[in-house]
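This report concerns only the one structure given below.
By letter and in written order, the chains are A, B, C and D; residue numbering begins at 1 in each of them.
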Amino acid sequence: MHRRAITAARAAELIPDGASVLFGGFMGVGTPMRIVDALVARGARGLTIIGNDTARPGIGVGRLIEAGCVAKAIVSHIGTNPVTQQKMMAGQLAVELVPQGTLAERIRAGGAGLGGVLTPTGLGTVVAEGKRVIEVQGRDFVLEEPITADVAILHAHEADYNGNLTYRLTATNFNPVIALAARSVIAEPEEIVPVGVIPPDHVRTPGILVDHLVERPR
Amino acid sequence: MDAKEIIARRVALELRDRSLVNLGIGLPTLVARHVPPEINVAFQSENGIIGFGAPPPEGMEDPNLTDAGGGYISALPGAVSFDSAFSFALIRGGHLDMTVLGGLQVDARGRLANWMVPGKLVPGMGGAMDLVAGARRVVVAMQHAARGESKIVPELTLPPTSARPVTLVVTDLAVLAPTADGLVLRERAPGISVAQVLAATAAPLIVEGEVPEMQLAA
Amino acid sequence: MDAKEIIARRVALELRDRSLVNLGIGLPTLVARHVPPEINVAFQSENGIIGFGAPPPEGMEDPNLTDAGGGYISALPGAVSFDSAFSFALIRGGHLDMTVLGGLQVDARGRLANWMVPGKLVPGMGGAMDLVAGARRVVVAMQHAARGESKIVPELTLPPTSARPVTLVVTDLAVLAPTADGLVLRERAPGISVAQVLAATAAPLIVEGEVPEMQLAA
Amino acid sequence: MHRRAITAARAAELIPDGASVLFGGFMGVGTPMRIVDALVARGARGLTIIGNDTARPGIGVGRLIEAGCVAKAIVSHIGTNPVTQQKMMAGQLAVELVPQGTLAERIRAGGAGLGGVLTPTGLGTVVAEGKRVIEVQGRDFVLEEPITADVAILHAHEADYNGNLTYRLTATNFNPVIALAARSVIAEPEEIVPVGVIPPDHVRTPGILVDHLVERPR
């Protein structure tokens, strides 16, 4: 099931204003920067972005925040980006903080057809406020609801033209899990190779989950 | 020896042979410099790697190989990379032997606050809530006081990171162990008297017999 | 053409281009032989592979490359292997476009029973309960009757596989579609009259206008 | 953190009678056969085995069943092993059937510190009887409890002497997930290579989860 790669500009057109967008990356490492820059270039507005953090100014999705593309960020950490803090304080950006492991697991649950996550994380904190606490085998767990989104934007290492993806070292992070949880999945690989080149055991995301591949710059 | 150095060297003695350890960003990172030579420790960075080492020589960095702060690292022989869901499966599932985290406050019940100061600073919890909920041993590494005020308090005034008490608190003045009865003063820093520790501590401390002076790793 | 051949050829016409399909062990496996040439389908075997092909030549089998029945298979270009948790994340998460399963009974509400006969045979559900709960389309491929008794019944007498109604039932006599009003007779097998279908069916069927004869794939 | 490989006979001694044992394998493919045979040789008794299926007579854990090592099997499928059926009917073997995807996910939950699984699988069937049904976002889910065990026995493709593991094609199946969920993990690789030989991105199970490696036959 071959598909042709598209330009980053075309990818940005496929992400409408107001969309919810799962993004890969940890402090900008493993974030699909060509797609991010194309979203800034097309002047995207009102996005809800969901991922680990807002990186630093000028880095990763930090660029989306600065350019005013983002209405809401659902992330685990904003401490390294003063622009996020300023926009939040100024009421220009809504921020919802989710513990990192809970965020990964809620996205996985959304993608795996599970009804949520039962985690000890957040018990006795503001994170558990208003949520159901369920006892299992004598221990308490917070019920965290699944997360899905309109679009997922992934950074990958290698792709083949089937859309099969590999990831590289710590650029892996949230990319494999978000591939399961969006109605449209757009991957930005560092390299695209012919189908059959990547051994079946090395693929981390099967191409059947990937809707679009972004080509390398010419 | 400055305060951070004392803390890092004392925490290093908590490392156990053949264990998996996570070090938080900032002060806790210094602990890695003082691993006792006879001890074999694997470090996990929550962004997705076990077995990383010091930054490579300048110009040899890999943008896809970073720690949780986004800084360049190297991969030691036998290193393993994985995604965020797996990283927190290890952390939450009790496979992480120890985490060392910074702190804003610890209270008499041993509860930690380290992720926000309402109205002032909202960095977010990142992985801290999962680490405190899941690691087998949670060691807080922090200065005893900030701006003249004790960070060891009777009751948290900042939002807690977890309902679960931490295992040990190491400061530049003392080693404290939370127990069912309250905080026990286990050790005092070199040259510091019990009276000096008590005077610098807002929370009540339990003092049992002679309180030995801290040993410090090389 | 025998009963199984009719069923397999009719089910093959349900295959959609660029879809991910699972075939149950036994009769459903025959469907793979009749994929229309213009259709591109990826087959998932729930034991952990997408993109497998026919058994390799004798003596060239790999003991680590098998289908869900334990039979040797080959890997097509672009094949992907994964573990059981991921396999069922795909199945339960709605990423599988269609599953074809054998059946013991289907009732007027479209519920399937296919995993045990109390007191007689308890093979177990294997992946069937997840497949019926999660696949976007569930097609039952089974003979209309067994030992002279209709397998299309007013109400299941065997334990159900899921509360969820299946999408379509294809037998050697008819194609039936479960609806909110009951089972609709969509098609009749070549040379079989509506009266013959009704006579062979224990459940009430809804007949609307002319019932066309089945088309069959080559 | 090097460890020496042990013999299969030694591995079998580390699994006491009456232990709960998670095993890898799907119809015997990916089952650690040297450990299985050593358990039979030492006359193990009263084991609870937890994994996908009981394979066929003489194949995979089928050998444990025939040799009378097993008191209880928690599996998704027993239909291909008449010995399992006979022993169950004769009251010599307890069998608990769990849907395949639910089984994988319950084991993952046990290993990842989660309080259970919320799944649509099994709703409206005997599988949901006596279990809590929880509504999330307007849909019902069965609460399935986590599974852990005393020991996990894994089949791997390559190991290094740190215990890092890779898996091969459909021999992967339950092996990665059971590595997280047992107090003692014993892996039987096809090959053991020096530390540093397996690229960090190719390791599927980090050595910190593995307690023992079984050597190849001499």
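In this text, a residue touches a chain if its C-beta (ideal position, glycine included) is under 8 Å from a C-beta of that chain, and two chains touch if they have at least 3 such contacts.
Since the model is a prediction, treat every value here as computed from it, not as a measurement.
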Centroid-based (C-alpha) most distant chain relative to chain C: B
Intercentroid distance (Cα basis), chain C paired with chain B, Å: 55
Separation of mean Cα positions, chain B and chain A [Å, integer]: 29
Separation of mean Cα positions, chain D and chain A [Å, integer]: 32
Residues of chain A engaged with two or more neighbouring chains: 105, 108, 112-114, 119-120, 167-169, 172, 200-201
Where chain C touches two or more other chains, by residue: 49, 75, 81-82, 88, 91-92, 133-134
Touching pairs among all chains present in the structure: A-B, A-C, A-D, B-D, C-D
Contact set on chain D toward chain A in their complex: 105, 109, 112-120, 132, 134, 136-137, 139, 141, 143, 145-146, 166-169, 172, 200-202
In the complex with chain B, residue positions of chain D that touch it: 1, 108, 111-114, 160, 162, 164, 180, 195-196, 200-201, 203, 206-209
Chain A contact footprint on chain C (complex, rising order): 18, 20, 40, 42, 49-51, 75, 77-82, 88-95, 133-134
Residues of chain A touching chain B in the complex: 26-30, 52-53, 55-56, 59, 75-80, 85, 88, 95, 97, 99-102, 104-105, 107-108, 119-127, 157, 167-177, 204
Sites on chain B touched by chain A in the complex: 45-49, 62-70, 75, 81-85, 87-88, 91-92, 111, 121-130, 133-134, 159-164
